[in-house]
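Structures for review follow.
Both complexes shown next keep chain A, but they swap its partner, so chain B is in the first and chain C is in the second.
Right after this comes the complex of A and B.
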């Protein structure tokens, strides 16, 4: 090895050390507060509970119990369906808004709109959820208004509808912002090229704008799915736990008989589901063009 | 000549306070290669975009095939365009890009594929048919963009500075491709560029635009040799502009006075010249001769044969700089009163001239070299 080579490799290793030093805090943080608890959670799912007290063990009994219970399977299917429904609904509702913000308004208006879309996150999600009570209850704003035209009252709280309203409250502003970011980045010449080649305005949306904004649209949908799938507040307060979702099941399981190990099983199943969905979606979003 | 394909009738385009195009009147024939040329902001691209329907004229009419197009949307016109950025769809491969226009016209997929492949092969892209566009080189992408526009078999192709992103050697190659294609297809090309060499090399007719107006329309030679006005003379470049006042007219010659001497030119045929009239002239840089005139020396070394010292138009000046472009050298001179002159000479003539910065030179030109500009 020549002198310059060894200097170069010294430089490189000192650079690596430098980079590692900066990364160290986040690595330590992740180890302490994510990987550590995760491993403990996995271990805990094999523990046993006797007389309301947890004992270290390695038994499959929690997994067998949970997987043989119909209520667990029902809750899983229901939660998955609700989260998927919220994802589709939210993406569809967000799209026209994001489209308008990306292409139909001035840059200044867009900046203000994004600011106003971030404002809802200033207040606690719980507060925002409770304010729906006033609006959706039997004697609430919506039903009072409907009464004027001789309709209702409709039961909206403690229904699937209520849960969905809660999910959208949580996810819609975020999804609109993400979709707007991805669509406003589109070079206008692609859209003009589509018109120029005989593509009508509506068709341009499906054949040019959506493919170009694909990554951002999918990332928005993934966020919506993750937030809705793990949400406890909406299905509990607005949906009235009818039927319970997986996050409600975790609470119920820990409360009834201190069954932390069984709650751990539910939590692990949820994490695996989210991991699969997020990984598959992001892989699809960034998929290289097929030959 | 051929039938008129495109006609602009008193077309005005305003963007808020800015007037991009002022009262444009222009017709373009079928099968013609027209270049719209001018500095940036002159309205050339806006003109092209109005023709494609991507901008709406503020007033006036644009006719295509004798039909007023003002209310026809961009997607309903058969006026495909090649963008400066090419605007190839990154989520489609070369063939799918070419097929796009056919798909929008409802051509079935087998036929689409056949025609796309035919055009890609015709443009020497046979090897890259299924290649994603981001894996193609600049020149290859250019060809895909051309195929994408031509596959719909239009009567007119619009090109918006299509070669400006390419390397110099590729520009020359693509110029050849475009010229050949236009002749073979016999369709109209409207080519927007700020590059004189591109416009002059390819176009049958060049439209020079400045500040939203047409400054001159003519063949490359006409514009080069006989710029209509000061703007064109300056934009085309390598023209010396001389302003003066007429002092006498005799024997078919006009004599005029400038800040750096008195000169003569042949009386122009079509324009009446009056005494005391202010005139602007352009003298192409390659029509001036340079002679070195060392301090105190009587001898004059002359470099251009065919010119004699009896030329009536001579001016003394000093050299300020020089610029080499291959075999041609442009020398920049300055007279006593600060007027600049450009002279183009062959590189091999330089040795005879003994170029040195502090030497004095005499520039001379014949009475036929000067060309009168419109005011």
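Right after this comes the complex of A and C.
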């Protein structure tokens, strides 16, 4: 080995060490606060509860119990459907707003708009949800306005509609921001080229803007799905827990008999669903871009 | 000897005197503060019991500070104690039906019956409340109670209709009947509707099936399942016109606020929730806790309980009722806590129309909870 080889090898080692030093905190963090609890959650799903105390065991009884219950399957289908519905609805509502912010307003206006979209996150989601009581109740603002034109009152709280309003309260600002970031990165010359080649507005959106912003649009949709799928507050307080979602089922399971292992089964099923949806969506989002 | 004493002098110089004097002056406020530091009493209770309106006067008079941990439901209480080391909680407020489980698990201390004035109880059952005594030993003292029946909005349900749980099936109430989201009171009420009376918790398979069928038939009427806040709000803003599984502990707060709601005990009978105090096993402040329980059973304590901001309860002592009628006759009248009133809760118990809340006898809590989940999904 020559001296230059030795120096190069030393440099590579020190570079690896340098890189590891920067990566280490995030690795440790993930191990401590994600992988560790996740493994414990999986282990806990095999534990038993006796006299309100968990006992370490390796029994399948919790899995068998939950999978044999019709209400678990019903709650799963309902939660999946509601989260998917919220994702589609939110993405559709967010798109025109994000489009306008990306292409129709000045840089300064866009900055202010994003600032105002972030502001809701400064307040408690629970408080924002409860504020809908004033707006959606039968004696609330919306029904009072509708009564002026001879309509209503309509029941909006404790319905699927109420739950959906809650989901959008949680996710819409975030999805608009993500879509805006994605679309504002598009090189405007592509859009001009599309117009020059005779594309109409709709064709430009479907053939140029959406494909170019696809990654951001999908990431926004995935975030919406994840937040809605795991949300407890909206289906409980605005949907009246009627029917319950998986998050509510977790609460119900722990409330009676302190069945944390059975709640762990529900939580693992939820996580597996979210992992599947997230990985599939992200793989799809990036796959075409690489071609 | 005297010589020795007189010759044993502390060698003091002017510098040392100034040094120790200055130290003493600087430390004085802290010494005073240490001596005035209140003793912390750790309380495990339903929400509201550790708030200033309940414990403030006792804290001030006895230089103690209550550190309250709140729970919702007996299962939750049992779990919190089970997961804590002995001695964590000095005082435990338990639902009456869970005292025997606390005792069986060895979580509470034995009490001395002579410390409490049982002769003053308004009803003999309160002295020998089920589960509070075991093998002639006292383990818990009842503090307050309340009755669960039909809770309704007076603009949509008449007092006559509210005399039966059947009013929940009234066609006009479709989508307007709410449930307090706990299986025990709601299924207990369905059991009463099925005519199970005093045996409402002791259901054989056929009776249990009948209760389930009746409950499921109510599902189309149901507008939602709520926790305390949701129940409160949905009645207040008129979203729900009738509520199953609650009583004056929620409508009482709203009624005092002017809402057109009320609770009555229907002809099929009602259910009593009972709250009792226990001293936590291994508590080092048992004497102070005992003094607090005595205070809460005193007329002043009982009135505080009846007027509790979070949710009102009925007084259980004669002296407490007398004082309530003197200082707050409006509340006494509103809740029927006046001798001779038709809706006097003690009279209702004596007439056999009230049944103490219990846990299922022939089924497990899990069976009832499973059905509750199915019902919510139906």
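By definition in this document, the second predicted complex is superposed on the first by the 287 of 291 C-alpha atoms of A that agree within 3 Å, B and C clash if a C-alpha of one lies under 4 Å from a C-alpha of the other, contacts with A are read in each partner's own complex, and residues count from 1 in each chain.
By definition in this document, a residue touches a chain if its C-beta (ideal position, glycine included) is under 8 Å from a C-beta of that chain, and two chains touch if they have at least 3 such contacts.
Just so we're clear, the structure is a prediction, and the values are computed from it rather than from any experiment.
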| item | value |
| --- | --- |
| Contacts of A:85 with chain B and chain C, given as first, second, both or neither | neither |
| First (chain B), second (chain C), both or neither touched by A:152 | neither |
| Touched partner set for A:52, first chain B, second chain C, both or neither | second |
| Contacts of A:120 with chain B and chain C, given as first, second, both or neither | neither |
| Touched partner set for A:211, first chain B, second chain C, both or neither | first |
| More chain A residues in contact - chain B or chain C | C |
| Chain B and chain C footprints on chain A, overlapping residues | none |
| Sites on chain C touched by chain A in the complex | 72-73, 75-76, 78-79, 82-83, 105, 175, 178, 181-183, 222-227, 229-230, 233-234, 237-239, 365-366, 368-370, 372-374, 376-377 |
| Complex contact set, residues of chain A against chain C | 51-53, 69-71, 74-75, 78, 130, 133, 137-140, 155, 157-158, 236-237, 239-244, 249, 252, 255-259 |
| Touching residues (chain side chain B, partner chain A) in the complex | 52-54, 73-76, 78-81, 83, 85, 87, 89-93, 100-101, 104-105, 130, 132, 134, 148-149, 152 |
| Chain A residues touching chain B - in the complex, by the definition given at the top | 187, 189-190, 192-201, 203, 207-208, 211-212, 214, 288-289, 291 |
